[in-house]
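Given below, in the form of structure tokens, are the structures.
The same subunit A turns up in both complexes below, where it pairs with subunit B and then with subunit C.
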Partner chain A sequence: MTTYFNEMFDGKSVRDPYARLGDWMATMPADRRLEKQAEAEALFRRIGITFAVYGEGGDPDRLIPFDMFPRVFTNHEWGKLERGIKQRARALNAFLVDVYGRAEIVRAGRIPARLVFQNEAYERAVAGFVPPKGVYSHIVGIDIVRTGPTDFFVLEDNCRTPSGVSYMLESREMIMRMFPELFRENRIEPVDRYPEALRRTLASVAPAKCDRDPTVVILTPGHFNSAYYEHSFLADLMGVELVEGADLFVEGGFVWMRTTEGPKRVDVIYRRLDDAFIDPLCFRPDSMLGVPGLMDVYRSGGVTICSAPGAGVADDKAIYTYVPEMVRFYLGEEPIIPNVPTWKCGNADDLGHVLSNLKDLVVKEVHGSGGYGMLVGPKSTKAQIEEFRERIKADPANYIAQPTLALSTTPTFVEEGIAPRHVDLRPYCLVGERIELVPGGLTRVALREGSLVVNSSQGGGVKDTWVLAE
Partner chain B sequence: MLSRTADNLYWIARYMERAETAARLLEVGARIALLPSAQGYRNDWDSLLRASGNAAGYAAKYGAPAEKAIESWLFFDRDNPNSVASCITAARENGRIVRTALTGQVWDALNTAFQELRQLEARRASCELSRLTDWTMKQAAMVRGSIDATLLRNDGFNFLNIGYYLERGDSTARLMDVKYYVLLPQLEYVGSGLDNDQWSMLLRALGAHRAFHWAYGGEITAAKIAHFLILNPQSPRALITCVAGMANHLGRLAKYYGRETPAQPAVQDLLKMIETATVETIFDEGLHEFLTRFVGEAARLGAVIHDSYLSGDM
Partner chain C sequence: MLLKVDHVTRYHYAPAVRGVVQSHRLTPSRYDGQKVISWEVTVTGGEKGGAFRDGAGDWVQAWTVKGPVEEIEVRVQGVVETTDMAGMLKGHRETVPPEAWLRDTPATEADEALRALADSARHDEPLSYVHALAFAVAGAIAYKPGSTHEHTTAAEALALGEGVCQDHAHALLACARHAGFPARYVSGYLFAAEDGTPHEAAHAWAEVHVPGYGWIGFDPANRCCPDERYIRLGAGLDAREAAPIRGIARGGAAERLDVSVSVAPPVAAQSQSQ
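Presenting the complex of A and B:
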């Protein structure tokens, strides 16, 4: 039987970061906990925080379950994570600038040309264009899992518009409100400077033609979008306008927004909209969400779009396996946080290995997300495995496989009291003139006993994530 | 501010005011139900539906006016865009879109109204009519109060108030128009019991029954009622109060933005139309004609405000 690393308990003793939570947990009466839980849920519903993690789908009005037991990192543990995350964010951006430029990494034979140039997310429309400060992905969400005291792995990169950061901020607010005593007993690094840091990051990549304090906006697909709450939450905290495509228009080489005082120029657009929808003249002509002519202004340096169109080519699951190679190629460093070992089914050798070990592996679609279209070998029936085998054989290049990771657990409030549940971590790395990481992130927890799938659409919840000050 | 944001704010106010109007109509309905059922009162149900602004929609769905069906139509029915449920849902949705332009308290008031509405809907069979109307007035007051108490006095505040006053003026004029014939000095009705019931029903529909007596005392006459609901600036729902309110907030917008638009002269024109009127000139013109003219002019003003501030096409 697999043993899982428990982030709080090492045998009978409590690990350092959780030292002060042991008593808190032991002395909390069950009725107080239930009372607090109900209070937290009522508060979330009242502020109207409904939300879905990028690409997960599901009912947009559903609350994601919130677990009140914090997940804790020591300053030392976080230090290593931070270095690893920033390193990866730098490499991913270097890769993007490269593949839309001279593509040295392809010429050097370190990544197959096919994977880059025939990738659906590769945007020919921006080839040869270098965005301000050479940044394509301004908010890099890197999903990390842990299997031991010092064993961390990157599970996935999100270079487009990773969501969930509002939950990082709201979870913290909630815990501070519910259990203020915890913040006196523990010295916890604050996360509430994230919106300010995001604004600074966005302003730092203002376009060449901007000769004044840049006007930043968030572009949302609209209030029917499942992440609308997050869009409006961030706009509010940053003090910038939340616009829809119809609020913007292009004229005289610039982008303008329609205001009650007449047109106002926009310099930086943080879009929460896929590439395909941002400009019907350049991409999908049936998009009602975008701004006609936006891409022309962008390419002539009249506006900056964050993340830059085309950034998605770096976070594809097929490209993922090459990220350690990018770190070596562009930075001349060894990856601080390794990848999960991955077999590419498009590769004949790998395919053989995968097909004969399906019961032990996790198999994912290359372009899938959200825990759909995947096989978790050890948790599947023979019939499910056989069915998946046929799917892989039919289109091997569409699948990758990874060992079933012994995801770490943290104590979680469940019906019977407290029990270990599996978690992952999504920190949000900001890349502009500088590279910044707020100490914390979104911890997702698989609330079902034994489940390794943390996605909210599959019964996952969220936790507050603490980094202890030194 | 974004033109769309201003538009959303304006509609939050209009929908909340409209929800209140629907609730007042329901209250009137409740009183009708308590009166002895004579031939004349069928008429009241009809006028109630006409005042709600969507009598045809009701007829298509339910046919002849009936108490339960009308209650349902005015409060719960989502097919009726002017029902309390439709209006509160729309106000909250507009609020959700412009969360960033609202304070936490205003949003909380809008969202609480919506969440409680969903609970009411879940057990609608057991809801007493009087509780539904009280509940609606309370929600409207909570939203209005949190706007007044917590919102910055900026352009957004002005757009909200313009929405409130425009909707309120429109609703007063329509309610009066539905009942205008009651106010016509027809000899055979004056002093009859029916007449008084009809008048007090109109005042109740405008939540002005007690206020009227405070302001005028004595006998209820057509001239007094017309004066109270059109020309008396003390009356919170009088046309003059509503237009002056719009003039005030449009004036503040012009100052705030440092520029006038066609909306400012347009509201002054409308204000002048009312300020120069007297009960006599109104009755000479014909109450129905006067009210029809007002509703038309108010709609035109609404369109000018839309073009000047809310459409973004300047």
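Presenting the complex of A and C:
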């Protein structure tokens, strides 16, 4: 029987960071709680923050469940996480500049050439190019799980366009609005400077040809995209334009935005669009979402694209196992937050181990995301395991496996009252001229009892995440 | 050998389009086998955009043309001095490592027939193996203009048994990559009038990375390796990626294309002695 670390109750007593929250919870009458829960739902509905779930049918504007019980870190706990996250973001960017340049890490034999250069996310089109300030991934979302008081692991990296930061901001807003007393009783690090920090980060990577205050835009695939709410939310808070491909065009060596006052030059594009779609001249010719000629402007230093095309080669699940090696190779440091031990099914030895221990492991597709195409051994039936076994055997290199982690739990409001539910954490690290991290991040919670899958597409919800001030 | 190039591409749009964006790989590669004496690309009504040398060593120049426009002409004129390097790409600087050229695209995906063709040419010595692959492709796909089109894949051309230089190159890429050799599509020019062969002056072939030798060109269409009659422009994973001109017109009108290419020694119409 696995025991799970409960972030609030440490055996008999309430752990420090939750001391005040414990009292708050104990004194809240049940009917007030229900009333507040209904209020939260109504608020979310009204502001329109919803999450479309891919491939599941049903209501595409399903509300992502919001749990009112905050998750809390002490300042000390956060200090270590912050150092570990920044370290990792630095190493991932150093790796990207390297593999599109001289690829020293491959020459040194520390990462197999095949994993990098035959990777679908490796973009030949950007080889030999160093983006402004040497940054490929400007917003690094690092998913972290906890298994004990001081035991944290990185589950995966997101170097392209990690989503969810709007939930971090909205969750805080919601809690402040509903329970202002909590913010009198606890000293909580604010998160509302994130949009300004993001804008500053983006402006700091303006291209060399930009000789004035840079114009930043967010490029969205459009309102049918599941994260459109977030795109417009961030544009609004940053005070920048939200544009679609058709609003931009290339002329001469620059990118221009159509405005009512005529064309305006654009210097930095925060794109929420995959590489394949950003320029039909360079990538998918059938893309109607991108800007023809954008890549030539980018490569000749007329505009900066964030994240840089090609950044995905650093967050592939097969590359993930080598991130600790990147930290050592580029920074000469030991990783502060370790990886989860991972078996690569493409290795014959690893494959044998995985196939004989499927019932205890979590198996993931190398290129999968969002909790699809994944097996959670202990939670699966014999038939499901056997079916997955065949899928792995058919294409071993496409799978990695990890032990089932004893994810920590935090108290969560559920129908029966308050119960522990498993959580993870996604902080958003900003990398530009400087590297910045807003204290906290997005805590995702698996609302189904016993479930270890926190993805919103698989019944996960979100919580406000507190870092207590010193 | 001195080669003079005059390459004109005319685009006609009906009705007029709102603007045109193009990306050119129209500048001869820098390597020991060729030296540019003079070279100029013009685009009627065009404004030069950004330019850069990409990771594969190709010079890329972007152009835009403001609309409304019904016709544009892209003209390439220049003289290049070439040397026979027996197909070897010596002195060419590039960032992209050979391993990055093992990937297939839909045009070069090997089906069972292509894999069988590649396996039938198997040879222990790598260079001999690649030569055998090139000959196998030349033998399996007969040169026949008009039999295939722009989007024909390597597998389709092999099934048909006919094609043009693009199909030969795609088929060789499929076979070479199946055999584990990095390979790429090369676009360029060919001076071919001399021996009366009918191949187009705007030409394409394949380059294969052979251990111990580096990149070597193979032209299955002419059953040879590129020599002093060839001018190399640029490379890609397939014909689309290596296209000397990639372009998109805004406004989605019907496009018609006229191309004329002449590649010959500057003292044209005289008999050559070499």
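Assume the second predicted complex is superposed on the first by the 461 of 470 C-alpha atoms of A that agree within 3 Å, B and C clash if a C-alpha of one lies under 4 Å from a C-alpha of the other, contacts with A are read in each partner's own complex, and residues count from 1 in each chain.
Definition applied: a contact is a pair of C-beta atoms (placed from the backbone, for glycine too) under 8 Å apart; a residue touches a chain by one contact, two chains touch by 3 or more.
Everything numeric here is computed off the predicted structure, so don't read it as measured data.
J.: Given the alignment on subunit A, is it a clash or a fit between subunit B and subunit C?
T.: Fit - subunit B and subunit C, as placed by superposing on subunit A, sit side by side.
J.: Return first, second, both or neither, reflecting whether A:G262 touches subunit B, subunit C, both chains, or no partner chain.
T.: In the superposed model, A:G262 contacts subunit B only, not subunit C.
J.: Of subunit B and subunit C, which one touches more residues of subunit A?
T.: C
J.: What is the contact status of A:A127 with respect to subunit B (first) and subunit C (second): first, second, both, or neither?
T.: A:A127 contacts subunit C only, not subunit B.
J.: Just to be sure I read the superposition right, which of the two partners does A:R114 touch: subunit B = first, subunit C = second, or both, or neither?
T.: Second partner only, subunit C.
J.: So, A:D247: does it touch subunit B (first), subunit C (second), both, or neither?
T.: Once the two structures are laid over each other on A, A:D247 reaches subunit B alone.
J.: A:P280 in the overlay: touching subunit B, subunit C, both, or neither? Say first, second, both or neither.
T.: It touches subunit C, and subunit B stays clear.
J.: May I ask you to decide whether A:D236 touches subunit B, subunit C, both, or neither, giving the answer as first, second, both or neither?
T.: A:D236 sits against subunit B, while subunit C stays out of touch.
J.: Shortest C-alpha to C-alpha distance from subunit B to subunit C once the two structures are superposed, in angstrom?
T.: Superposition on chain A places subunit B and subunit C at a least C-alpha distance of 9 Å.
J.: Need the overlap of the two footprints on subunit A, from subunit B and from subunit C, as residue ranges.
T.: none
J.: Which stretch or stretches of subunit A touch subunit B in the complex?
T.: 45-48, 223, 228, 232-233, 235-236, 241-244, 246-247, 257-263
J.: Write out the stretch or stretches of subunit A touching subunit C in their complex.
T.: 100-103, 106, 113-114, 116-118, 120, 122, 124-129, 249-253, 280-282, 285, 292-293, 295-297, 299-302
J.: Quick check on the complex: what are the subunit B residues that touch subunit A?
T.: Per the stated touch rule, the residues are 1-6, 93, 96-97, 99-100, 104, 107-108, 111-112, 115, 155, 159, 253, 257, 259, 309-314.
J.: Where on subunit C does subunit A make contact in their complex?
T.: 19, 21-23, 47-56, 60, 62, 64, 66, 94-97, 99-100, 102-103, 237, 240, 246-248, 250
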